[in-house]
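Contents: one structure, followed by commentary.
Labels run A, B, C and D following the written order; every chain starts at residue 1.
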Amino acid sequence: MSSTWGDTLKLSIFGESHGPAIGVVLDGLPAGEEIDMEQVLRFMDRRRPGKDPFSTPRKESDLPRVLSGVYQNRTTGTPLAAMIQNSDTHSGDYSELASVARPSHGDFTGFIRYHGFNDPRGGGHFSGRLTAPLVFAGALAIQMLERRGIYTGAHLASVAEVADRRFSPVSLSKEELLSPGQKAFPVLEDKAGEEMRERIETARMDRDSVGGTVECGVIGLPAGVGSPMFGGVENVLSSILFGIPAVKGVEFGLGFEGSRLTGSQYNDSFCLKNGEICTATNHHGGILGGITSGMPLLFSVAFKPTPSISQPQQTVDFISRTPKELVIKGRHDPCVVPRAVPCVEAAAALGVLSLLLDGVGGGFDR
Amino acid sequence: MSSTWGDTLKLSIFGESHGPAIGVVLDGLPAGEEIDMEQVLRFMDRRRPGKDPFSTPRKESDLPRVLSGVYQNRTTGTPLAAMIQNSDTHSGDYSELASVARPSHGDFTGFIRYHGFNDPRGGGHFSGRLTAPLVFAGALAIQMLERRGIYTGAHLASVAEVADRRFSPVSLSKEELLSPGQKAFPVLEDKAGEEMRERIETARMDRDSVGGTVECGVIGLPAGVGSPMFGGVENVLSSILFGIPAVKGVEFGLGFEGSRLTGSQYNDSFCLKNGEICTATNHHGGILGGITSGMPLLFSVAFKPTPSISQPQQTVDFISRTPKELVIKGRHDPCVVPRAVPCVEAAAALGVLSLLLDGVGGGFDR
Amino acid sequence: MSSTWGDTLKLSIFGESHGPAIGVVLDGLPAGEEIDMEQVLRFMDRRRPGKDPFSTPRKESDLPRVLSGVYQNRTTGTPLAAMIQNSDTHSGDYSELASVARPSHGDFTGFIRYHGFNDPRGGGHFSGRLTAPLVFAGALAIQMLERRGIYTGAHLASVAEVADRRFSPVSLSKEELLSPGQKAFPVLEDKAGEEMRERIETARMDRDSVGGTVECGVIGLPAGVGSPMFGGVENVLSSILFGIPAVKGVEFGLGFEGSRLTGSQYNDSFCLKNGEICTATNHHGGILGGITSGMPLLFSVAFKPTPSISQPQQTVDFISRTPKELVIKGRHDPCVVPRAVPCVEAAAALGVLSLLLDGVGGGFDR
Amino acid sequence: MSSTWGDTLKLSIFGESHGPAIGVVLDGLPAGEEIDMEQVLRFMDRRRPGKDPFSTPRKESDLPRVLSGVYQNRTTGTPLAAMIQNSDTHSGDYSELASVARPSHGDFTGFIRYHGFNDPRGGGHFSGRLTAPLVFAGALAIQMLERRGIYTGAHLASVAEVADRRFSPVSLSKEELLSPGQKAFPVLEDKAGEEMRERIETARMDRDSVGGTVECGVIGLPAGVGSPMFGGVENVLSSILFGIPAVKGVEFGLGFEGSRLTGSQYNDSFCLKNGEICTATNHHGGILGGITSGMPLLFSVAFKPTPSISQPQQTVDFISRTPKELVIKGRHDPCVVPRAVPCVEAAAALGVLSLLLDGVGGGFDR
């Protein structure tokens, strides 16, 4: 299986980059949830290519068409399906790549996995375009969560070696959390954003690309969501986050940095604030024993550099099994990470909604 | 749900630290696989507490008793169940902690999640002891994989700020991969191991603890295992790895470090070696598009410092909702990461076996 | 969840009777399978309403549009999605029914289940129209099975008290199995078919409806497919068959009739035929211990009478909670069972394909 | 997979008839549920062999030992595991059968499925003894349901051609529902029970066996539980019921008999009783569109005759592939159906509990 996720809430994503359409089916949504389609489209716009000079100029409508599961503007509770037509496709640009493995892409592994039958045009089902239905689904989840006081936000935490500051781990407010999403360039500190744009522009000039990281936060989550062992919040979120192309690492709270500390530095003291149990610091990222503590849920995701660069690269033709020099044509996004920010938010919201819908451990108030 | 993992191969772990027994049921194993129980026990010994001065001196047998699924020393193909009796338990040591949240532990979140009914003794189902059945299950998986030329190994990549060298990413041999597991202290470079032991001893003297990282490798895997999106090797492995207590981060290949590179630095050129397609470098950690490339599978796991330290800590009683100062009694392991190395190998082997058993994408040769 | 089925092969059906479209996503199909779309459409035609005077005259195109998962006329191995536009809908016909529970329909239970938010028009997601994507998916499965010498067929075994003869349980040939599907009225004995049509016509004259049963067979299946307990062929098939609206019973082999026999009458002797192990009779319907025996797989499905009849019926308005007399307007199919025959075949083929794709117990030869 | 069932509530059954032990793990139970172990044992006693002259005289303790998931006599919410030691095993009785296929048993199909590696002693994992952990698990589910006013009961509806009367479909009371379970022979009408015992005794005298049916009811269920299509109550219940050995048919409400009626005969009128919406008759068995209607849930299960009879039978040796005459030694139960009554109740209770624990469609009041 590849593109189906979840137990209580099931997500099934379909489509190829240059096929007739891409889309998603969501089974298990609560009934009666109002859909603000304007807000959905604004959210989807954040990952849309071609919206500013720093992303690929490919134009496409990306307008999702809801096929089922919504009646009188509310979820019916039965499966919600949506499709996005593919229009602006120039398969010709890709045809000669069909058997030349683009380094860092899934061309070769997909060819082997599917015995040569997968659709190679534009990356096929491996394309970053497949995040559009994920972002659509996440936009719905975000609305359902916000209605219950749970907010999801993310920002570009770094591009190459240039870093934004981190979310306030203890006192993260709705304003701070949502502010990056309201900017053209999703950072907390605009000065850092300026440097990042310059770093991306340099990469473009070098016909190169850069990677980066996204930090995501969820606030308003009650304590007690999730389960020990394989039902933990970390397990659930990572199982969806690694579904975003180019993600190569996920860490919660201090993550890898925390592995270098001592227990006395790392441990978060419990304390009382207005009668509520909380922690004085939040190195644990809001999850203890796989279960939410009531503190802000915080995690970071590492993206590798955009694989497509226009410098000449050494590779092989995997059908003729001969060496090739490859120069990838066309204009490519030198850094996909700004556009990946809403993808991370979407995945987080879907993971959190799924955990809340779980009848026993959840707390999804109808 | 909490403790059930997998689709094709299902793993169900049960037990509480101070209950009658812990154990595991494995459903979906191939039939006819010979079990070398001596090798299983040697592998389990590597996570056993009390085996050397650097781990907790708690004694216990940890001998698994196979209840089903093995006949004439071979797997029957029907569910394999095994239990490990709990014996050396002093519940008295923990009773006063029942409502005092140990910082960085799951006491408080488990109490909320289970409405106060979970077994609090020794961490209950949240205890690190629950990794014993995971390691048992992994030992079986390792044997099934080795029979097919697939080897799994791991080493302590760092303790606090002290680091071992990394596995050779391109030319990782069976000898290099398995060597750390044959040592009392599972590192590649004994000098680094010496420093790590000193660092742990310092933590013990300070009544403190330290965290660390484990690097794991799998060699011999064919290209083409795994699926795009949510069925990727990264998704499958992270969904089981975060089931190991104290894991707070997982990264594949260069992971977070790779997010700081450019595409021209990061991209792995494809080349031909003895007619086989491979990559000249292995920054991708053996996974492209969620699917194995045939290169060594490499990933790292971050462990937070052992939560139990004997320094006084500020916390709250979550029943009376009053502040408390807590001094955790008893001797605790100042660094669990050396013992976590076989846990990571076990999880990796179970994840890989599961992917191979998948009928379409797999290649599990019977 | 409602409309997602399967583990190895995942089926996700979406849509409402009067919404924009209905459709299906199939995740986990083997790659490289050629699609004969002509054959798919002919198979779908068999459930199409309005194709003869004995079914409802509602016209609709029912042409599925493949959105993904097929490239150069072969399955890619990534999710295959298809949609069928809804066109010929007269919601007005149904609007007054919105809160008047039609007896034997899911109006009332759907209203309660979805807190009043489900789409009530034409039965919404509960409509028999949702079997169109099931039949489409089944048509693909049938082609993949036939390519491997596995054939699926079914016939109308009874309408009200009028019965067709049964499939030959031991020596069922491909010709006998497939012959009912090639007729306008899917029976083995045309004389029985004639009586059934008369019985249906009588029901129509009476403004009434009738139920019936469908017998289904699968031949060419090797022995050894399926698993004991919950992974049995009976469990898998019944879990999908009860997804067809109006199905109220499923039995394998002699089923309920067999419960009235003695062991000496029921037990099927094993014997050798051309060196192959088989049974002299086939009361077990090709399944022993949940696993195929290599004999024809045989089962029957009971359909209740079509709920919509135009006689006056006593019911309640479930919003105002007042009694109502209901006269259902419009023309309705007095017997859906002839059109349900391909639905049963489709469900059987999907169930069998799914069992074969299971890596361990299966035998799906690529 | 074979022996794992469920999504929200996961059941994993393990063991072989003559292995060290059999047992079950239940993951996803609600926390804080008190366990009345006396009642559990009384319920398990109902399926115990050897409790009266009409069942097999094999003695065994069948005492389940709870290994985890219960603390201070209440469920912890984490996995509940229990094992039952195997003691009274005479493998010698079966050894010569190892390669001689007992007609109607899973010997041959299990041998093929598991490539000859399954445990053949006493039927191995295919043995009816594996229903003991199912009944244990069901006993827990029954207690959790009863605490919420939901009662489960069943009776022997027929043995061969001898029939008990049916449960009152509309006004089924707790007393009527539970009365068969309180008798040594679980019928509604003792006169029918007397005839059934005679029929069984005749079968014994004839060295033969008989089959039968079990009718099961669940009352107190609210309307609105279950989902359309594959998430229906029928799908969920049949997927667990076919896990009981010898079950060959399942029907809900009038089932197969209903397929012979007209719509005007079958349709259940809706009416109001004390302001509540109900139906005047209950041909639908409490399920419409896959969802409970609030009326008694009623279904029947067909069991084939006990396969083991002591008359000579023709069969084959599936290793040497030669014909054999087989005379099964030892005393065997000429009718397992009386002992299967609590198995059906257990499966029903687990199915219903699982549906109620589903966060969206359920109504499990904590």
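Keep in mind that, in the parts below, a contact is a pair of C-beta atoms (placed from the backbone, for glycine too) under 8 Å apart; a residue touches a chain by one contact, two chains touch by 3 or more.
Note that the structure is a prediction, hence the values are computed from the model and not measured.
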| item | value |
| --- | --- |
| Co-neighbours of chain D and chain C - touch as defined | A, B |
| Shared chain contacts [chain A and chain B, defined touch] | C, D |
| Remotest chain, chain D as reference, centres from CA atoms | A |
| Inter-chain centre distance, chain B versus chain D - centres from mean C-alpha coordinates, in Å | 39 |
| CA centroid of chain B to CA centroid of chain C, Å | 45 |
| Where chain C touches two or more other chains at once, by residue number | 1-4, 7-8, 13, 28, 31, 77-78, 113, 125, 228, 358 |
| Complex contact set, residues of chain C against chain B | 7-8, 28, 30-31, 77-78, 228, 357-360, 362, 364 |
| Residue ranges of chain B touching chain A (in the complex, touch as defined) | 1-5, 7, 11, 13, 101, 103-106, 108-110, 112-113, 125-126, 130, 158, 160-161, 203, 206, 208-213, 223-232, 234-236, 238-240, 242-243, 245, 247-256, 258-272, 275, 277, 279-280, 283-285, 287-293, 300, 302-309, 311, 313-316, 318, 321-323, 358, 361 |
| Touching residues (chain side chain C, partner chain A) in the complex | 1-4, 8, 10, 12-16, 19-23, 25, 27-28, 31-32, 65-69, 71, 74-81, 83, 113-119, 124-125, 366 |
